[in-house]
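So, here's a batch of structures to check.
Consider the two complexes below, in which subunit A is the common component and subunit B and subunit C are the respective partners.
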Partner chain A sequence: MQSLKSAWPPRPLLNGLLATLALVIAPHAAHLPLWLSLLTAAILGARYWMARQNIALPRKWLLYALAVASVAGVILQYKTVFGREAGVALLTLMMTLKLLEVKNERDVWLIVFLGYFLVLTHFLYNQSLFIAAYLIVVSWLFTTLLIAFSQPRAQMPWRAQFKLSAKLLLQAVPVMLILFVLFPRISGPLWNLPSDATSGQTGLSDSMAPGMISQLAQSDSVAFRVEYAGKLPPSTQRYFRVLVLDRFDGYAWRASRPRPLTAAVHGQGAAIRYTLTLEPHNKPWLPVMDFADPAALPLGSQLNTDFSVTQKELVQQRKRYSAAAYVSLGNTLDSDADHLSRDLDLPPDVNPRARELAGQLRRSSRDDLDFINKALARFHNEPYVYTLNPPRLGSNSVDEFLFDTRRGFCEHYASSFTFLMRAGGVPARIVTGYLSGEYNKLGNYLIVRQADAHAWSEVWLADRGWVRVDPTAAVAPNRIEQGIANALPAGEALFLSEPSPWLKQLKFSWDAFNNSWNQWVLGYDQERQVSFFARLGFGILSWQDLGLYLLIGIGGAFGLLALFTLRTRHPHRGKVERAYALFCKRLALAGMARDPAEGPLDFAARVKTQYPGQASNIDAITRLYVALRYGADTKAEWVKDLEDLVRRFKVQKIHIR
Partner chain B sequence: MPSNLLSSLFPMLSNLIRGPRIDTGRVTLNRRRIYILPTRRGLFFGLLLLLLLLGSINYALSLGFVLTFLLAGLGHVAMLHTYRNLSGIQINAVAASPVFVGETAQFQVSIEAPGARPAIGLHFNRQSPAWVDLLEPGAQSVAIPLAATQRGWLVPGRFTVFTNFPLGLFRAWSYVDFGTRCLVYPRPLPSPLLLQGAHTEQGGTLNTQQEGADDFSNLREYRLGDAPRHVAWKASTKGDGLLTKQFINPGAATLWLDWQLLGDADTETRLSRLTDMVLAAERARQTYGLRLPGSEFAPGLGAAQRERCLKALALFGVGDAKS
Partner chain C sequence: MNAHTDPLAAKLQQTVQQAAQIILGKEHQIRLAITCLLARGHLLIEDLPGMGKTTLAHLLAQILGLQFHRIQFTSDLLPADLLGVSVYDRERNGFVFHPGPIFAQVILADEINRATPKAQSALLEAMEEHQVTAEGETRKLPEPFFVIATQNPSHQVGTYPLPESQLDRFLLRIELGYPDRQAERALLTGLDRRDMLAQLAPLLEANDLAALQAEVGAVHLSEALVDYVQALIAATRQSARFSLGLSPRGGISLIRSAQAWALLHGRRSVVPEDIQAVFVAVAGHRLRPVGGNESGSAAAQSLLASVAIP
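So, the complex of A and B:
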């Protein structure tokens, strides 16, 4: 009895199930702990082996023990059974363990349904086109399994089953599209997202230590994309502000708590309008082009005194917002003396040589502006090198950089320049953000990557307020004018090194395609839905309207699909009619004409009484004709059979009376 | 015509109004008689869709929506295909050969489809189904099983033609009732006193070993165990397989299987014993007659006699003996 249990399901079906499960689990191996991946693989392998060797499935107590051990393992690993990571781990384990007690069809269905759910969990990690294509194939396999397990007796050939499931999925596409476009979207989660829902995103942080930005610059992942309403501003104006770091502890710069800006702001010249699509970075700040127009801020955001823009919630989903920027501002800002003195703070006892240098430069300068220029000139004239791979620095990082290593990335220049300014009595701070980006002509938008991350300085001039000074420009002016790829020495920053033009073209097309995918598929949220229908001329639709259109749409699609599926098809009608006409003609010549009102079956019955010897042929011809002519679907072989039968059909002339 | 409209909209209702109908001739399953409802798996599938939707909303997974809606579309499509898998199927009643109580009656139907229709099941209420895959043109014969538990006419009423194909999420079904019935013979009850209830014309008992002037009676198909000297070699060359000569022994006494001689056993036991005797006499090639209260069957031997006697035994006291 025990050995019989492993005999179901039949081997080919079981193998198909095991292979499909392996495929649906495989991408999770990247984030599941190794022991769990190995355990899952072992269970799949064991199940295959058991069926092959016809070994009995494990007994109930062993299964329960395995299940309990798995849950314990997951709890030990994640300290919880809730949330994304632990949930995926549990689902994977339970699904594979279920394989060890498959007794009947019900168990298989349960596994396949869990499999469909596991497909969904992949999107928590990755919604790229590749993973979408991969998972469509996996869903196709699962659907084929459903078909295979719906045939209690003989199996159709696998080819036919694959074809049928592809057909079913294709026919499901219209309903899917209608639902996707019309199903009312709800903004925001239904319940609080577990803290691990979005993790592992790269981006700027609220502190800056030497080496942090150069590390970020090695990543070509997209930070955000910008579409300009007018023409693209020059590269030197494309400073995107994220954070202002004004507290220095001798090693790292940190941001203070942002305070909302209350003073009025007057921009100079026309504002530059743009729409920015921000990739999720799990932080509350929104990059904005300098200097943000307070009158055109992203919805629900706040402009701070340091001119950064933040919102209350973390950015956990791709966010699209419109804003405007002024290239320069007309009034002084944040002139509050309290705060200015903070922008002079330096920890005592660090970087003594830099302090001494600042003192020398200060003494030889006429005013603040002259001091600033002298400091910049030092970066320009002395042999400083702009590099992605600076040497590591110790506790007196500014001293070591300025006098010893002299090799650094933007954060080294910004950090040491700001230090010199503060030491020389000029209020200064560091701004982190992104610079310039890469223009995609095909999509007509700017791509800003993590590699474009940048740090620069701002100094306070009594008569002008905060003024941007980018010391990197003194060392590597190309960085500002042409982007990072042209600024680095040859041999560095491999992924950004200029590719051949056609490769670049390909890259741009791919990114443009990805951008549309992001905007229209992944970013199709409540806002997009509303604006989509507004653009189509429907005005602003409420969710009730959407629900109504949804019902109409689904009903229409279903009706059309029903017509398409259930209609009787006559692909070979001409041939069929010709063959039957020949049959009737032969009989008419023999003296048995078919009355036009006579049905084929009645005619056959009449003919049979006259030619009982031909009854089987007459029957076969009539049956094929009726099936081809009136049947719901037909096969090409039948047409050939009919033609052959009619060709061979010969009757003697009958002599009446 | 409201009643027409009603009946075309609600076949079930029309059944209630007009009562079950007996189908005659060929039945074509069409929308007037096909019902469709989700299976339990289909309901679970709905639950799965709901969970997928909640997950997609909560985590704002656009591709999650795509998957959810694709599977929702698949559910719609599955409904159409399940319905289509049954529609257009044509069924003819054939017959059901008589069986003994305790055996399974096989109601033969001939089933045909205008195209490929896999995984069609046919069953009587709550009995295990017979499956057929209609993949080729032409009619196929299917035997729908039904346990025979009582002698007499087995009138099973309607049977169900159903399919869950292709995805098992929906079940389409249709009821067909040809009014076919199956004759159920009493369960043969061997008795240690074999043929005790039988007596020969001369008052003697049956002697199956009796030798006599074997007179040739007729030919029948060869069965394993027939003596080679009885094989009709000459007749067998005509191509119908081996034939065996059958003999009756007119010299032997005619055997009477008599109700009255079965002592005080109850009716069913007597009928079961007599049934066994008929079979035994046939096996022994012994001419026999049957006497039941109120009827008598003249002695004879062979399929016709066997059928006549067994039918009489099956319908004894049922009140429908004539049909």
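So, the complex of A and C:
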């Protein structure tokens, strides 16, 4: 008995468990601290080694010490045991430590169920199609392990176990779909990810120093995707405004607090309608195409005086909204005229050479417009280079860039141009956002990546209001017309430089696929749920209605499943079986149920003691049934006899005194 | 049902009744023993000393009119003691084979697990082949050849438990158990059982038995019952309670025993009750429950209650 115990769990099963645990932990290695990943791997390896060498499991005190040390390590690392990061770390560690004290099946169940839970935690980090597929496979493995451990000495081959667990998972699919479609989506804190879930995302920030956007340009992560209701506007019109930076401290540009726009705005021409799906960026602003139509703003957002759009909450989940844009605005935007003086502010004493240049240009210009054109002409005519890797700049950044290095990215041009304008007495400010993006023909939408981040300027002309001026266009017109990959000088490869057309095609189809996953699976929120059911003709459903339908749906699914199972168990129930089943049912209703393992003769004997008056009938029915079902040669008319006898068979309910 | 129409079957019923008067309160076990004989199997009786194992064996031989030998197995028993030896005969000027006690129709191998494995295997070979090979010559054993082995519960001292492969040679294993109060009273106050045995006249002749044995295979087994047998076998293999399931030979034994049981009860076709009646005796010694706290018979009994009759 002792030897049997030490050999438990059987080696192949244990190896399967270890491998599956390694698979479920592996994706977490990307964000767990290195020591923790290594420790986990070491425990898994040690457990394998111990089983192989038949080494006894560690003693209790050692396990306690390990557990305490792990908790201490997690606390030292994260300063807490709560939250996503610390919670996952603790769960991973404790689950692997449990392997060192596996004594019976109960311990294995615990580990496997923790494993299922760990599967779930991956979705706190990543909800992509790939990880979903991966985790389905892992769940399949866990289910197979449950089956295997339930019959440790069974002869059932592995293939059959895999098949059985696949069958179990497939049987759960209808219930999963019903839950997914019908489970009430309530926007509230319950559904939000932990607060630390959205840290570490790249995106624009509320200030701009030289080098910040060029750094962003290295990232190919998607910022947002846009579907246009009509034709795709030309790339020169696809300016997506995020923030307006109007305060300059000599080095970086910063945004003022946004104020809601109150004045009426009239667009020129037809509005361009589009739907934008924004990736979470943990900031309150919503990118909109210039210039946002105040009549078609995203739900719950506000249009500010600087024409940026913000909402109250941070965007922590993928957000989908519809909006509209006018290519140009009709009236002058004088609502913010009080603040124009601020758009001339410059810190004193910085960039003296640039101030001098501005003065020169100003003196030689007829008016503001001429001044703007002269400044742009300087960028165009002088040997300025558009590059991703500009040299570092010192305290007089504008001076150094304009006169010495002459190599810069869009933020350098926007920054120095705006500086020149302000120094020359023209109110000016910087706008950051995204430009043009990449069109996916397969999915018919525009992908805008962090690499498409851009900065441009706006100047105030007394008779026209704010006018967009993009100094980058004067240096590298390709940037605006063909996208960033084509604007960089040769040899300066962006990650996106496409090596071959088919790879590009593949990338597009993958992104299109991923996009529909985002839209229809991850983006299935309250709004989509309501519209989905409205389109099916259910009207607007409250969450109570949804809950009711949910119960009905799941009940129905289980009912169908039960019906199916019961039917397949008796595939060919003939007349004989039906007649006898009716006989048994009558007796069961009277209080004498036949046990499924009770033979007909035994049953008859038991029934006869209760109903001596019916003995001859019971005997006749039983004799016919046994002869028909188990006998060698049967006559067809016996079936009729049996049916008649059963039909006439009636019993009184037993009264228990 | 056409019960008791067959004169042979009627004789069998009588036999059972006769036997039940001598061994009181053990009618089910007597029926199983006769079933085993009809199915051309061998019987293993496992119980404590003094429960009537020997009397049962003796009784069967007597009322069936068969030649009977009893062999007491001890730890120093040698195969030659069982099979026989050749002794030099001076008159004939040659070796003459003196057959051992195994040359009989009914053998009572008493306390088989007291003998060494060597002697055990000599017996088991004879059981399987119905012939013995001694000193290079193969000799056929008489027909019918029926071994009743008795075994002390294996936890008793000085026993060599039979391995699974050898247990499998026995078609049925039965336990006698203590008689109930009423039967015991009759035993205590009545005549000596051995005297009663001696007065019994055989009811069956050797030909009758051979005819009945030939009939066993002809008892009808419907598809529904094959399903039931398969369900029972599958349950022993899939259940986590058993470390060893029923072998295909176990399945065949189950069917043969059920057919013999049906014949003994005057039926020409098997009913589920027949299978249930013999299942514990067939499967009890072939199954090994996990853990060892539960006997194979008890586990088989509860398994029977968990499998539905199709």
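Going forward, the second predicted complex is superposed on the first by the 536 of 657 C-alpha atoms of A that agree within 3 Å, B and C clash if a C-alpha of one lies under 4 Å from a C-alpha of the other, contacts with A are read in each partner's own complex, and residues count from 1 in each chain.
The criterion applied here is as follows: a residue touches a chain if its C-beta (ideal position, glycine included) is under 8 Å from a C-beta of that chain, and two chains touch if they have at least 3 such contacts.
All values derive from a computational prediction rather than experimental measurement.
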Per-residue contact with subunit A, leading partner among subunit C and subunit B: B
Partner chain in contact with A:522 - subunit B first, subunit C second, else both or neither: first
Which of subunit B and subunit C A:344 touches, first, second, both or neither: neither
Partner chain(s) touched by A:623 [first = subunit B, second = subunit C, both, neither]: both
Contacts of A:22 with subunit B and subunit C, given as first, second, both or neither: neither
Subunit B versus subunit C as contact partner of A:265, first or second or both or neither: neither
Subunit B versus subunit C as contact partner of A:67, first or second or both or neither: neither
First (subunit B), second (subunit C), both or neither touched by A:151: both
Subunit B and subunit C contact sites that coincide on subunit A, given as residue numbers: 150-154, 156, 623, 627, 630-632
Sites on subunit B touched by subunit A in the complex: 41, 44-45, 48, 51-52, 54-74, 76-78, 80-81, 83-84, 87-88, 113-116, 118-119, 121, 131-133, 135, 137-138, 164-168
Subunit B-touching residues of subunit A, taken from the complex the two chains share: 105-106, 109-110, 113, 116-117, 119-120, 123-124, 127, 132, 135, 139, 143, 146-147, 149-154, 156, 164-165, 168-169, 171-177, 179-180, 183, 185-186, 189-191, 193, 197, 317, 521-525, 554, 558, 561-562, 565-566, 623-624, 627, 630-635, 638, 641
Residues of subunit C defined as touching subunit A within the complex: 1, 220, 222, 224-225, 237-238, 240, 243, 245, 268-273, 276, 290, 292, 304-309
Complex contact set, residues of subunit A against subunit C: 1, 150-156, 595-602, 623, 626-627, 629-632
